[in-house]
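The following pair of complexes shares a single chain, subunit A, combined with subunit B in the former and subunit C in the latter.
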Partner chain A sequence: MKQTIIAFALSLLAGSALAAPAKLRVVTSSADLASITREVGGELVDVTSIARGYQDPHFVEPKPSFLLLLKNADLLMVIGLDLEIGWLPPLIDQSRNAKIRPGSSGYLDVSRGVEILDRPAGAVNRSMGDVHPLGNPHYWLDPANAVRIAIQAAKKLEELQPANAAVFQKRLNDFKGRMNAADLRWTAALAPYKGAKIVTYHNSWPNFMRRYGIDVVDFVEPKPGVPPSPSHLFQLIRMMKEQRVKVIVMEPYFDHKTPQSVADRTGAKLVVLYPSVGGAKTGSDDYFQLFDLNIATLIEALKN
Partner chain B sequence: MDVLAFLAVPFVAGLILTGIHAYLGLHVVERGVIFVDLSLAQIAALGTTMAYLAGHDLHDPVTYFWSLGFTIAGAAIFALTRTHHAGKERIPQEAIIGIVYAVSAAAAILAMSQAPEGTEHLKDMLVGNILTVGWDSVIKTAALYALVGGFHWIFRAKFMAISMGQDVPKARFWDFLFYTSFGFVVTSSVVIAGVLLVFSYLIVPSVAAMLFARRVGTRLAFGWIMGAIVSGAGVLLSFHYDLPTGATIVCTFGGALALLALVRLAVPARA
Partner chain C sequence: MTRRGPISRAFLFLFLVIALPAAAQEEDRISRLEQKLDELLRQASAIREELNALRGGTEAAQTLSEVELVTPDSPPSATSLADVQTVDNQASPGAAKALNPDMSVVGTLLSHAGDNFEERAPFALDEVEVALEAFIDPYAKGRFFIAVTPEEVDVEEGYAQFVTLPWGLTAKAGKTKATFGKANTWHTHNRPWADQPLMVTRFLGEEGLADVGVSVSRTIDNPFGAFIEATGEVYSGDVEGTFGRGADNDLLYNAHLKFFRDLTENSNVEVGTSWARGTLPEGEGHNRLAGVDVTYRWKPLSRALYNSLIARVEAIAAERSDFDRALYGYYASLDYQLARRWFAGARIDRADGFQDDSRFTDRGLSASLTFWPSQFSQLRGQYRRTTLHGGPSFNEFLLQLQFAIGAHGAHSF
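Entry: the complex of A and B
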């Protein structure tokens, strides 16, 4: 009996001494990065996203709790490509957490390791005019990039917590497997609509649509953040009629009046797709659900 | 402890804003040019946008001079169109201020539509947030406000006389100086605190003080005390309920003014 108690006490001691290091505190700028990092980190990490899925990630109103989150973070993961430039840099500065400054070990810009579209080849200068020098920041909407993000997350988590490297690797492989299976399913579901032409409001779907062979022929917004001019709308409507474009895709946080009036004049259907995890009230709680929802919605619209 | 450190910067920024704006607000309310700050801030933003369009970086000193140049042009417009005390003119100065605001806001939209892509965030970067302001900009702003405050102290007799509607020789010239110095202040305030908050710091203390006091000195003291209390309360509320800080302070100003108005109703005015 005595021995049992001692053994028990020893095991408790050993347990506390060898206890896994405290949970890594990860903060992400977007809910999609949070979802993917949870897949890789599981119970070993505590992941919080600053932007909610229903918010436009270009514009996030800073709140005091964000400073506390960042202050206590071990790792900050960002989409990069200037997506968060309007709100995140001052939050990082004011959090006074040296670990998560750009260039430090606790800062991970996942755009470095993914496939970026709309990036001009070669050097960019202002004389080239209408180009986005860094490329399109909505790259997370492609399962191949989700896997690339997960690989970077796993590598960074291993670096910060080497003791759990094997767990992160195992979870990463498991995620890759499930993602590939889901991607095959999504590809099959959209196969009948390959080559279909659509118009999107904002240029946020190039990765998603290219993945599934949907052709984005134009945008309602002529440039990001700039309202369409009458001549742009006129040309858009004429082109949609000529090419029989029957679907307009927009995000939930844009005003639907302009795209709806274009839809009315062309007989197209306006559908809302959710660019981020948590964007819809139900059924978008993680990356897989988000894609299930978006693909089901898109198929429903393309059917007609 | 962490929370206190985070509270300190917005609170001190609020005190500094109170210092100069409660004073300038007296002039603005007396002159009846309530929206002049929004108008000047918009002109300054237009200047920044034009500089960006001309190929300058947002943090380039050249960009600052563009914005300053536009602000001075705006000050000139307001000095030349002063009609407030002449009595006979039919066009109120608020109309000019409103027109300048609308046209410069629209011109900025046109300018952005001509810019290369990536201007999506420009609007955001022109407008600050008091929660994320840094000590360095608080200190710089305080120095600038001290200079402007000193300038106004030296020429206080002239500025006050014009605002109170007295006849002053070379009134247009003094008005130009007034609006230029005002433009200096407003453009730096908007960058650290945003348009709504700057407007509140300018107008609410001054209006609240008018409920209770006539003398300029008393009104100024009242405005300073009110601004300091509201800044502190607003910052605390924002942290306690985790609300956007600038908007919380604005609503605290609104609540405080409503409360003071009730007090004023309950307590009859002394002769």
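Entry: the complex of A and C
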């Protein structure tokens, strides 16, 4: 009997010693970062995004339920460039988790290592609308930047869990390879439409459109974050007619009425492209699917 | 086999003595040149990368599997110290300001029309709030909110918030708004109304319950998937019209328990209870307050810019040693976002008071319409009907314009 107890106790000890190291708990501000981090971390990480793909990432409510996530997080990954300025700082302050504060080892701002567009050259002020003084934060919509995000994620995961460094590196290389193959496919698919002129609702697509050679000539918003005025729409319609712009791209979280009326008056087609993973109800579950869906939708619209 | 003579041996020796070091020197020179060449090639590729980045990276013919991080830090140079040159650091004029706190000013202009029982001016710069916020050090944030009203300049709040405490704690020390219910914790520009409910001004003070002291809060783990937070506060006990201090030990104690849970992705509920206990303003006898607040929020994530709804109820009960019956107050309000920039709201109000040993009740009704030109300004019209002591009613119209400049820290939920 005694022996059984000892054996049982020993097996318990052995069991606890042999148990796999706990999964790293990663919280990301956006679903895109979550998708890319899952590619790199695989089964070794548990990734949750605060913002959903179908919500405007500028306006997330800092709900206390997010504090429960942040409290136990090993790593917080953010888009940066002030995209989350309206909601993330109070969440971090109340998270009671010193690990994920800016400057700590569990905080990763991936804007530090990516290519950023639309950096204002001079001083900015709010007469220009809700401009981002540090540059356009929608940079994740360029596959090259997705790779740059993945490199940073892998480096950080290695730092937090050195025992699995080889796994993260292998997964990173695998991701790079698949991303490259997919990008070649996307580039080829959009090649016939190089130089096509489009209008987008918000300036969410500079990195994406530049990569595939699509020319964004104007925005439905007169200034970032400012709803369109009749005079701006009048000018926009005239310009679209002059330049024969045939496609208006909008994000899913804006109201379609205004851009639809512009489309009706110019003979253009209004399409919804999804700026974030999970934006569409189906078929945008990861970064690859998101691009497959967006590019197919865009081609369908540009065909006409 | 020829035998080498002593002379030829001497030559060989001389040759070796001279040539070997020379050859070694040559070798050394070549390897140094190689190093320099490597360095130059490295620099050239760095320049090429930079050029590509400047031109816009897509023109680079690299494949995605070769993509590298874009980093502002150039690689450390491997030149020998003999080749070190001075570095041309550009003066950055903004850098000296980098440690300045985030500064903002929020102006509130209030215009009044109708029955004037509170002696309001037709136009008043009701409040100018100056906010300064910055990290003090790695452990704490400093926040100051200075309110300039027609009557006075007052530190509305001014505290250090300690954000890296152990055991799930956070703390504030300084002058803070007491965590009693919800409405008491909001600054003027955060309120969904142009005024304060009667319940707040009657029971918590004209300026609300705010005092100098310490506030400590902790989250409580629970099996309900809810966010539960307990807050305990001790204040020095001077709140105009509500609490006073007769002796040094007459402190004001406040406690708050908050329960928050998501109902669905689009809706959530918050329930809070509060207790406060202190000395009456006259410095004798106690004033005890108990409150409950319930907030229901609905905001469909994919339509969050355009539609949302918030329903609020707060109720309070007071037990004072200078009056023999309990006093009650409550408000209930509903705010609905009609469109991206339009909000409509309604509120009912009730608060007891007492005079000459008898209790009376005041009631209020409000309806408001708010327009947001942008996130940084708002215009609000509010109709208000107040019935005092169950007798005469007053009808008023308030028009409030709020405008903010500068970097104002985001508000907690």
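In the analysis below, the second predicted complex is superposed on the first by the 272 of 304 C-alpha atoms of A that agree within 3 Å, B and C clash if a C-alpha of one lies under 4 Å from a C-alpha of the other, contacts with A are read in each partner's own complex, and residues count from 1 in each chain.
To be clear about the criterion, contacts are C-beta pairs under 8 Å (C-beta built on N, C-alpha and C of every residue); 3 or more make two chains touch, one makes a residue touch a chain.
In this text the structure is predicted, and so the values were computed from the model without any measurement.
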| item | value |
| --- | --- |
| Fit-or-clash call for subunit B and subunit C when the two complexes are aligned on subunit A | clash |
| Touched partner set for A:267, first subunit B, second subunit C, both or neither | neither |
| Which superposed partner A:283 touches (first subunit B, second subunit C, both, neither) | neither |
| Partner chain in contact with A:162 - subunit B first, subunit C second, else both or neither | neither |
| Partner chain in contact with A:253 - subunit B first, subunit C second, else both or neither | second |
| Subunit B versus subunit C as contact partner of A:229, first or second or both or neither | first |
| First (subunit B), second (subunit C), both or neither touched by A:87 | both |
| Partner chain(s) touched by A:63 [first = subunit B, second = subunit C, both, neither] | both |
| Partner with the higher number of touched subunit A residues, subunit C or subunit B | C |
| First, second, both or neither for A:192, with subunit B first and subunit C second | neither |
| Where subunit C runs into subunit B (options 56-64, 74-82, 92-100 or 326-334) | 326-334 |
| Contacts on subunit A seen with subunit B and repeated with subunit C across the two complexes | 59, 61-65, 67-68, 71, 85-87, 90, 93-94, 96, 126, 129-130, 225-227 |
| Partner subunit A, residues of subunit B touching it in the complex | 2-3, 5-6, 9, 55, 109, 112-113, 116-121, 123-125, 129, 131-134, 238-239, 242-245 |
| Contact footprint of subunit B on subunit A as seen in their complex | 58-59, 61-65, 67-68, 71, 82, 85-87, 90-91, 93-94, 96, 126, 128-133, 222-227, 229 |
| Subunit A residues within the subunit C interface of the complex | 52, 54-56, 59, 61-65, 67-68, 71, 85-90, 92-94, 96, 98, 101, 103, 112-116, 126, 129-130, 143-144, 147-148, 151-152, 173, 176-177, 179-180, 183, 210-211, 225-227, 252-255 |
| Contacting residues of subunit C [partner subunit A, same complex] | 53, 56-58, 63-65, 67-71, 138, 141, 161, 163-165, 168-170, 219, 225, 227, 229, 258, 260-262, 265, 268, 270, 299, 301-306, 340-341, 374-376, 405, 409-413 |
